[in-house]
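Once you scroll down, you'll see the structures, which are given as structure tokens.
Both complexes below contain chain A, partnered by chain B and then by chain C.
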Partner chain A sequence: MNLKHRIVSIMVCGALLSPAWMAMGQTAPPAADAPGADAPAPPAGLKTLDQEVQGLKKDVVDLNKDLFVLQEELLFPANTQVALYISMDVGAFFALDSVTVKIDNKEVKNYLYTAREADALLKGGVQQIYLGNLKVGRHELVAFFTGKGPVERDYKRGATINFDKGVGAKYLELKITDRVPKHQPEFMIKDWE
Partner chain B sequence: MQGVINTLRPLLLGGLLLAVPFAVSPAKNVKPDPNGLAPHAVQDLAYGDVLFYFFEDDYFDSITRLLAARQLGRIPHTPDEAELLLGGLYLSLGEHVEAGRIFEALLNKNTSEFVRNRAWFYLGKVWYQRGYLEESEHALRQVSDKMDPRINAERYMLLAQLMMRQGRYDEAITALGGWHGAPDWTAYAQFNLGIALVRRNRLPEAIPYLDRVGNMQTRSEELLALKDKANLALGFALLQAQRAAEAKPILQRVRLEGPYSSRALLGVGWADAGMGEFKRALVPWMELRKRSLLDSAVQESFLTVPYAYAQLSAMGQAAEFYNSAIESFDSELKRIDDSIEAIRSGKLLDRLLNDDKKDTLTWYWQLTTVPNAPESRYLYALLASNEFQEGLKNYRELNFMSRNLDDWRDDVSAYDDMLDTRQEAYNRRVPKADAVLAATNLDGLTQKRVDFESRINEIEKSNDVAALGTPEEQKTWARLRRVEEYLTAHADDPDLSDMREKHRLMKGVMYWRLSESFKARLWNERRSVKELEGQLKETQKRAVLVRQARVGTTLTTGRYAARVAAVRARIDQLHERMADISERQNLYLQSLAIRELQGQKQRIETYELQARYELAAIYDRTSNGPPKARPSTPPTAPQDTPPNSPPLTPPNSPPLTPPTAPQDPPPDPPTVKP
Partner chain C sequence: MRNTLLVGGLVLSAALAASSPAAAPTMVGKEAPDFALRGLDGRNLRLSEFRGQVVLVNFWSRSDGDSRQQMPALDRINITYQRAGLVVLGVSVDDDLRRSKEFAAAMGVSYPILFDTGTKIGRDYLLQKMPMTILVDRSGIVRYSAVGFKSGGERVYLDQIRELLRE
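Showing the complex of A and B:
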């Protein structure tokens, strides 16, 4: 075998050893040097570890779920629980900066929004802004919304609702919607029975 | 450079979300959905809450809340959408088995074709990336053709790639041969078809396809890379087929500043050498030699340069370059050894994740910077690999979850304290409650109320108007009755006749007054009885509650305490498993890194051995007489030409970019680039 041939062999060897396509910044090519030699199903050992990792992660997720439920039942039992949510519909006329919530004239939440959170609301997310406890009976909720209104003007508006807290959990939704005909945002509070 | 799956994960959810928003989007003014499903208002607040975290890319919180909401029955209106999202979220954690189970369950239900197609498609895609090829093919074949054309194109491409990964080139050729789609996807299809034909030794048929891709006009960086790959693949295939003259111009089409330029330069040199033009071959090879020795093409050039000099009978220069190569290889081997030792010390992953933001789990995470350590320079290729990135992601997620468990452990301790405090408060209140209950004769009070009602009935029945008079009236009425009795006793006394008349008059007035207010007073009394009845019932209810609470509080506290104890045990147990699996994951990634370095080392050792051998041969020839030129092998000699370096060609050509690759996707914008 002459030198050239040997170099070629080296090159081949190098090619086999070095996933050059990776270094080239590409994703793993599905096809290989030889049929089935490059990208077979993961080796059995890897599959096992992968499966163990998957199983562990699922158990942690399940535990988190159980802890989440336990925490809510323990700290906010249904007979006293009150949950406030906030949602935005479109948001063309209002960019949310912050929300302040008062229940029975006592401030229970003052929340400043990051761009990412405001964006999550715009995409259709509904944020649970407050979870607390209230006695059975009549209560008043007042929410103040601040942000940028039409034409980038500072904007502050309030909304209020009187509601009855019964023996079950109470859900209230603070809704920001666009009132298209008036080119103004609208703020409402919905009592979810 | 990251593995496909890193890109794939966001794509998956992005795609899934095409289905999801219909369930929740509260927007009324958004543009119509491309798939024709109208958005509607929030139906389940809890699901909206899940989506809030999802849209924030906080998938761990999102999945936790989704599972909790599902368990608490808070997503009654959009269960299928929630399940679809749950499957996607499991995928985000790399839990494709669980995701697959959910998707398949969903697919067995009466879900829309749209949802079914999406679920099968993304499931197939994930399985493909994780190497579960049979499962992937099964899933991809479940997708009907009534899909978005771009997704459908991607599906066909995945199927073709899958066949190629399994060596089923003929099937891939058939599948790709008749396929038509958008221009970008067509380029990938033609490239893959060309590669499949080369693999089946059908080069003449492959040439038009690869040549077409290699000549395409584009400004897209992604397609320019594909173009380079096609030229590289075709160039090396031609070299392999001993058609060096045809190979050279094709290899020269590869961009000099692109990621494939080193391989192309190497190939151009071989093409010149193949034509016996060793002096020309030195031009690209010398250029290559100036580049980083980490590149295998550069390493090879350290041997090809002296080889060319030897072919040109310049033995002195050949010896000089071989010596230089040996020195460079020696230094490189030493550095690799040091790096392997550094990795074995176990700090690699910690260093890699040192600057990582640890607060959330998102699909978008990938390692973008490498630590400033000697071993880093060898790991770029490794870090670009899907296997390593996925493993690293797993390791990072396990770290995140370990911290999550630590946080919960603290919270659970607080719950214990809280339950203890509740129990203490209960213990303090019980004696007071018992005393109040003991002092309260509810049965006696009830009997009194019954008696009172009977008395009212009697008064009404007997029309005893005086019975409901005011105390003053009753006093007056009693005096009148006493006067009346006296007058009756002295009925014959004529002196009392005036008195009798007065008494009659006064009694008449008094009776009139009492009769007049009798009905109103009777109504008031009955109302009082009713109120008393209501208060008694409320009192009885409270007493029952107090008695229940007296017994129940202990039971409830006990139940909570048991649940807290159970979750604490689970936390401890998961912590142990976490430590064990994290360690194994660490070792596995270390082994990948060491394997990569050892591969590089082995290659360089082989090169070094070749260099030493050739150097010795040159010295040997020199010492045995005047140097003679090595017989130059004719470029066409089959055993000599680079093309005989068989597998280098197509394999080293960067073949078959999966259309799902980060920069590849000629994708469906809404689905692929969420």
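Showing the complex of A and C:
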């Protein structure tokens, strides 16, 4: 579905939802029960209203999701989009503290990791650390990793990649792994071609 | 002549409108901008990881007298309400990191002190005067904001804190 059709469909959904919201606001409150009477079963009207509300909630969630995707497409169109991910596969040799990313000598990201976030990466999580736009052509990406290395000493290393940005989205991955023979962590940048 | 007077009057009224004190911008009602900073103990803390708890964020400066006076009061609040789910975070905005750390260590408060040497967080939170104290509810919305501090002024925070903890 192209961009124009998506905008039209979202507007139509909004137009369809608004009368339903107005009808809900005008619903009369239920009458009070007579004292001593048994609790009546929920009337069919209320059940239908509940289903309507659930349906509307689902529509709102779907609409929100569509809007988010639309926003991403508008801000980071596929032909200029560059996305950077980070993954960790380390145990003994490196505890990540922060990552700084420079593209063409300009700092684009500086991310500080909490213990919880570093733990999530260790457990196999992959984080989208940066999403931006780049022109077609040759670019250089430099990433600096700061943390605690072997023997709990302060550790800072860098990794560089020169890549060609063509037409279409570009995905790069910062990988931190253990280099067991040397008892050192290894930092590399992988191009998802 | 009449046109000159009319134009002059318009210019004067525009100047008066510009000089009159506008309401200070505030973050109340808006989502608290997320940040991650390094603490005095070396740990990194991220504001959004406290979602679900009531958070008091106090922006302070070592060189500001009100900030120094406020810290013991916040310490007492932290000790009292921590078990009820309140999180107190102190954020130093001093440029001199070394002296700020020395001062924070000397104060010996029980809540985390974080250090911000950049300008982004200050811009995000519309920092204009120190100290500034904000209260963030469990959904991450700024519900209260106060600038400055006078002795006994923490009573106002207590009312707000109790209300948010009850939610």
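The rule is simple: the second predicted complex is superposed on the first by the 130 of 193 C-alpha atoms of A that agree within 3 Å, B and C clash if a C-alpha of one lies under 4 Å from a C-alpha of the other, contacts with A are read in each partner's own complex, and residues count from 1 in each chain.
Going forward, a contact is a pair of C-beta atoms (placed from the backbone, for glycine too) under 8 Å apart; a residue touches a chain by one contact, two chains touch by 3 or more.
Since the model is a prediction, treat every value here as computed from it, not as a measurement.
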Practice task
With both structures superposed, pick whichever of chain B and chain C touches the larger number of chain A residues.
Solution key: B
Handout entry: First, second, both or neither for A:G166, with chain B first and chain C second
Key = neither
Practice task
Kindly classify A:G137 by the partners it touches after superposition: chain B alone (first), chain C alone (second), both, or neither?
Solution key: neither
Practice task
Based on the superposed arrangement, let me know which partner A:V180 touches: chain B (first), chain C (second), both, or neither?
Solution key: first
Exercise for the section: Check the residue A:D97 against both partner chains and state whether it touches chain B (first), chain C (second), both, or neither. Expected result: second
Handout entry: Which superposed partner A:Y113 touches (first chain B, second chain C, both, neither)
Key = second
Exercise for the section: Mind working out whether A:L56 is in touch with chain B, chain C, both or neither, as first, second, both or neither? Expected result: first
Problem - Common interface residues of chain A - those touching chain B in one complex and chain C in the other - result: 116-117
Problem - Residues on chain C engaged by chain A in the complex (per definition of touch) - result: 36-38, 43-46, 49
Problem - Touch list for chain A against partner chain C, complex - result: 97-98, 111-117
Practice task
Using the touch rule from the top, collect the residues of chain A that touch chain B in their complex.
Solution key: 2-36, 38-42, 46, 49-54, 56-74, 83, 85, 87-90, 92, 116-117, 119-121, 123-128, 171, 173, 175, 177-178, 180, 192
